[in-house]
Amino acid sequence: MDISREVLGIKGKLIQRRRDFHMYPESGWVEYRTAAIVAEELSKWGYTVYVREEACKSASRMGVPHPEVLRYHENRAIHEGADPIWVEQMKDGHTAVVGVIRTGKPGPVIALRFDIDSNDLTECASDDHRPVREGFASRHPEMMHACGHDGHAAIGLGVAELLAKRKDRLVGEIRLLFQPAEEGSRGAKAMVDAGWLDGVDYFFGGHIAFKSKTLGEVVATVGGFLATTKINVVYTGKAAHAGAAPEEGRNALLAAASAALHLNGISRHGGGATRINVGTLKAGSGRNVVADKAVMELETRGETTELNGYMKSEAIRIIEHVAQLHDVSCQWEVVGEAPGAESSSGLVPIVRQEAEKMSHVKAVIPRMDLGGSEDVVYMMNRVQEQGGQATYLLFGSPLKDGHHQVRFDFDEEVLLIGTELLVRLTLVCLGAGGMGRKRDID
Amino acid sequence: MDISREVLGIKGKLIQRRRDFHMYPESGWVEYRTAAIVAEELSKWGYTVYVREEACKSASRMGVPHPEVLRYHENRAIHEGADPIWVEQMKDGHTAVVGVIRTGKPGPVIALRFDIDSNDLTECASDDHRPVREGFASRHPEMMHACGHDGHAAIGLGVAELLAKRKDRLVGEIRLLFQPAEEGSRGAKAMVDAGWLDGVDYFFGGHIAFKSKTLGEVVATVGGFLATTKINVVYTGKAAHAGAAPEEGRNALLAAASAALHLNGISRHGGGATRINVGTLKAGSGRNVVADKAVMELETRGETTELNGYMKSEAIRIIEHVAQLHDVSCQWEVVGEAPGAESSSGLVPIVRQEAEKMSHVKAVIPRMDLGGSEDVVYMMNRVQEQGGQATYLLFGSPLKDGHHQVRFDFDEEVLLIGTELLVRLTLVCLGAGGMGRKRDID
Amino acid sequence: MDISREVLGIKGKLIQRRRDFHMYPESGWVEYRTAAIVAEELSKWGYTVYVREEACKSASRMGVPHPEVLRYHENRAIHEGADPIWVEQMKDGHTAVVGVIRTGKPGPVIALRFDIDSNDLTECASDDHRPVREGFASRHPEMMHACGHDGHAAIGLGVAELLAKRKDRLVGEIRLLFQPAEEGSRGAKAMVDAGWLDGVDYFFGGHIAFKSKTLGEVVATVGGFLATTKINVVYTGKAAHAGAAPEEGRNALLAAASAALHLNGISRHGGGATRINVGTLKAGSGRNVVADKAVMELETRGETTELNGYMKSEAIRIIEHVAQLHDVSCQWEVVGEAPGAESSSGLVPIVRQEAEKMSHVKAVIPRMDLGGSEDVVYMMNRVQEQGGQATYLLFGSPLKDGHHQVRFDFDEEVLLIGTELLVRLTLVCLGAGGMGRKRDID
Amino acid sequence: MDISREVLGIKGKLIQRRRDFHMYPESGWVEYRTAAIVAEELSKWGYTVYVREEACKSASRMGVPHPEVLRYHENRAIHEGADPIWVEQMKDGHTAVVGVIRTGKPGPVIALRFDIDSNDLTECASDDHRPVREGFASRHPEMMHACGHDGHAAIGLGVAELLAKRKDRLVGEIRLLFQPAEEGSRGAKAMVDAGWLDGVDYFFGGHIAFKSKTLGEVVATVGGFLATTKINVVYTGKAAHAGAAPEEGRNALLAAASAALHLNGISRHGGGATRINVGTLKAGSGRNVVADKAVMELETRGETTELNGYMKSEAIRIIEHVAQLHDVSCQWEVVGEAPGAESSSGLVPIVRQEAEKMSHVKAVIPRMDLGGSEDVVYMMNRVQEQGGQATYLLFGSPLKDGHHQVRFDFDEEVLLIGTELLVRLTLVCLGAGGMGRKRDID
């Protein structure tokens, strides 16, 4: 088959791009180099490219780093080869890129989403880690693609290239959404608020090797996205000499310790699954000083948006009242948030139909529960609210180590599967014998 | 009077030395530059100088930094002007210096102790902070003389210089002990174990502006040293995805939080004052990961060695069993320790007699309670056990901010008072009409 | 219709029996009066009656009260009219009663289960509480039928009476199981271990007004039984004068407090719903004494037996290690336990068919989740393991207040519905045109 | 010597009275039987007796039991032999008794204080406990003289009898204060507020076997009384089914557990000794119900009134904010309170002089620290504020078990020592060759 062969034809390029992104990982809102490459490529293939506030609404971004951090990474990106003109346009953490093909022919709108940010980890430096052995390990300390978004970005460019070649044979409109800051659920909402999901008939997102650990397995729809809220907390107390006058202190370390234990003790909910995790806690300046500062990063989750709402409001009550309990002051901030979601079951048949045409695909699983959070749900919810259909695909791959682990590594063959399936799905939706505007027919 | 004038004559040098040390603060066991300058000066004035294991017993040092940290600071010290020959001799954290004058005439042995290490703080950079305004603020991030040890080292060199000039008129033996790593109670024991306190008849240590905040006030003896133990703890658990499988985690952050609260809850003791402080806690790698590691720095104190022993054993029980409670593993280490102590009241009269000869001294207070810990107690206890007399003096000074605060700054006039009093006390003890060998007469 | 009329004919008796049981509530393993009445009635109607160890295996009973408590209630039951001969046979907490009709004709075995114990509550004494107003409120302080088991016992006797009249027209075997100590999940296992569920083809249990709050509503099958474990804990420390020598104490109150907080913080499980509740905590003897004793009653639950197993093992680890943390000793005991279960969906059609014949029944709901625990699951699991079918029915009724509340009161019309439906189901299973032996045909 | 012989002459009576009080212990504000006996005896010997509000100011009493409890004990006292006329006068918890001799001759005023209440303990019933073996163990469940106040009351009556015989030879005024409700620091203030300490020149209180465990040892003055505050707390939450809807609960048990841990963690104070004890905690109604109620009894102490003030305000902050942390409501009440105090050292010489006249006395210790709390301090402070002298004596005795333990038992020989010393001290103060009015001469 034609498409399969074309995908095979760009295999080298897919892998090379993935490895390039892997070497230069960039975490949320500082994906300047990555985004500049994406924007450059999309332009080259004839996409209308949107960046800045057109791609993501500035005020809707969550958890944007300090301006100095942004500045540092803008410079690093340029130093590492990013086109300064693109970086200039993206500055201050506007690293979303949208590539659009408007065929001019009436037809449905399809949106494909690829997340591009890395994790805050220092990659394993051991020789038995393939990226080290084959020379594409991360060159950035404390940043690493340990969730496969390097692969997602590579697939996105592969899809972009193949669709661009076929654009004359298509109807409707293609929107390729390259999203920053998925980690921490910080970026999707800003692209939704910029309007890119409005009027979308078909939406496809996806993930490499999540839940599915077998190469050739494709999951058609994912549900059970946990709604989530990410919160940062700072407790400020008063330092004192721990030997001479401990009573003069206001102990922020104990406040944070107490908060962690009480947050962890939020009652389970009879209505469904909930989660709480205080992931980091840093407090105090010295052994013999009553700690005057403590910072915590935490998250709540719920099987539904309501259940997460319960966890969030309990958490905030605890965070605030623990401060009073320890006579310290408290600032907290929501730095990320995502609702729950469910894929459109109506898309199972086409995914199955297209996947089964691919020789690499061994099994198509109609639906799986995610049991995690992904801010793609903002996009899916918006599409579904307006009558469109949305799904989140999983592309199976074996892993060397779990997601968010320093030895994470997937089988690069999955890049071909992801690319081919998304191209095929787009062609089905927008092809001559396509499926029509979703909102008109369903 | 002769001595007062001599001290006044070196006032500029005292201040210049103090400011030089202030600009290049070095924390415990990395005082390479400071110690090299001390060793160089002592040599110049004719002292027999001991460094390496002769000055401090290697195995008795507590809380020595990682070899790479030591190496880094060795290089930095050389880069900042330390004589490489001295640094080479002091390498691997052997930064104690002992300067000895043996008069060859029978007589008592006197030991004077000066601590030379800095704190782990980044000095205030504001213009209203005098060291900034006058250009001698710390050039080392995260290191600052915020406890006056820069002044102690300067006084020590001043005393060394003035005594050297008079050595022909003295009997017995002078030992000047420049001690590293007082902060954290890590250094004194190693000098004691190297034998420098054996056979000492008279011992004087002292501190600038502790408890006493009035220039011209001298405290003759200090008691109520709190015995103390410094402990580091590492909890190691197991990371897990906080959304998908929290039950697979072993939460080291919660273990540390629980430990902090329970340590803080160790019962008061009917036998006297006790203290506990978990001063720092750092845990977790990311918000959505169950934290697999937590580290804590803590200390216990007690009005007596026995009371601190109670606190220490309770603390260790809690540290260990909290690990089991949270199903994590635990390593703990004692990184500093000091017993309780009491100055010899028999020294009050001579301190009073000499201090009252000094025009700068306005008041002599016979005794004060420290209410804190100081590892000088190892030295004092050893001297007293062998029949000698030992005291810890306080030299009053107003402060801009408390000890261990980033705006700490004292009145440099106190350097003259400290220098003159210690010279006078030495002359009384070792002078022609001196007091004789303590152990023989008392 | 014949059966409906017969049930109507005993309406007065159903209500009178229920109110009699309500006036003399007896909690788990002390249902001497209740069981004696049941045994007496069953005998009268020709059932072969089994009590003692034949009805429940002595060693399999959980949470049996202290012998003195048993003795007290044996005497009270006799004093309140129970036949001393039955009480004598039931002594030492053997209050299960089994009534059997063996028709002598080949056919299936049916078992019906009725729980008979009360709660540990003092009934509301207010005039606006119907049992008070109408004179049948509990005469036993701290015991009250607040879960409708008085109604279950009354239904059981109604069913017994009506089936006895028809026994000549039936085939197979009827086993009526009157179970003690359902509260706390303590009694069912002992009846299972006595063999009464072996060889059962059809099993029916049920509950009044649980989840279903509308008169006339019948739920055909219930699933989502939470597996559960009930644990009692005693911490024993050492008393001490809290002013003079607090350090000599070993504080059992703090141990229990710490246990409660840490138990409550057991991590949620990605595999499904779990629960933990420390329901009671009693500690200490006086304000100025370090508490030397603390007792807690707690329970764990899980959506499956495995999930409850996770909770149980975490709980036990915490219970034990908190003891060490506080240097107290600890005894814990499992006083109740029940696995998870699911009703046999194959019974939905006959329940629906029979219920729809009843004019009082307005709605038949095929299945509901319980979201609670019931030790009937031991019986259901045994029946299903051996190839039989088992279900747990819900008989809707409005309530004045929730289960286990002191103002609990249901609509007595539900007694007719429960009685009639169970008679009908028995006739269908064992009637001439019956359904045959389940294990033979399915 | 005359007095010694007289005391020896009433030895049998002293022991008999002590054992009678021991058999019928009565806790704070319900000492009806004890007080009625005291009042009756004082009357008989010619004292003017004051009870009701004249003896203790009603509104100043702290921690008075519920009226029904008072009523119950009034009846019990009468049933156990108390004169109904006295009980009637003492009703509603007015169990203080003051016996006064006004000699009519000018001279100083002396006040002697005897506390008469028992503890809330059930006495050990074992045969190896002497009160059991010799038949005078407590007949009241949950009440026991485990602090020696039975002995204090017996000594008070012995002193009253011997002084009454000598009244013609005395000058000035004697006030014998029999105080209820010492346990919990609830009674002394009400007697002070009734004016009985106004104008007192000499005040003596005392305790059997506290700190001093050797028969024949007398402590002349006691200092280091810990100031204390007694607080009761009730948390009210909301019950919920722990399986079906735990999130609907507001968990008062966890609030109390959290409060206990945080109260226990109030920071030590550099200014001196402090104490905190949550002595009792009772929470929850059933294992499977989220606990909606919890009650705690706690106390704070401090080496000074100010240090206790620090503890009290920290405690109240914690009590209140823990409520908000757990979303429950909270009531707290101060049910007892006492300041710090110090005996008048000026009384050491007369105590020594008189004690040394007694053959039973082996040693007189000038001063001891109490390290506990005693509400006698209200009386001592009032006397000293007005220029009088006050001391608290300790009468040494070996003990079978510590104070407030169920096996507490002292050596009854101490009754003779206490009686004789107080008689002698009174004679010295008010005798013909007496010491004059304290306030005039000092």
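First chain written, first letter: the chains are A, B, C and D, and each begins at residue 1.
Just so it is clear, a residue touches a chain if its C-beta (ideal position, glycine included) is under 8 Å from a C-beta of that chain, and two chains touch if they have at least 3 such contacts.
Quantities reported herein were computed from a predicted structural model and do not represent experimental measurements.
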Contact-graph distance - origin chain A, target chain D: 1
Taking each chain's C-alpha mean as its centre, the one farthest from chain D: A
Listed pair (A-D, C-D or B-C) duplicating the A-B contact set, over half by residue number: C-D
Euclidean distance of C-alpha centroids - chain C vs chain D, Å: 51
Centre distance in Å when chain B and chain C are each reduced to the mean of their C-alpha atoms: 69
Chain B-chain D separation of Cα centroids, rounded to whole Å: 49
Residues of chain B whose C-beta touches two or more other chains: 243-246, 251, 254, 258, 261-262, 264-265, 267-268, 270, 275, 290, 371
Complex contact set, residues of chain D against chain C: 119-121, 184, 226, 228, 230, 239, 241-246, 251, 253-254, 256-258, 260-261, 264, 275, 277-291, 294, 297-299, 301, 371-373, 402-405
Contact set on chain D toward chain B in their complex: 261-262, 264-265, 267-268, 270, 272-276, 371
Touching residues on chain A, where the partner in the complex is chain D: 243-249, 251, 254, 258, 262, 265, 267-271, 290, 310, 317-318, 321-322, 324-325, 327
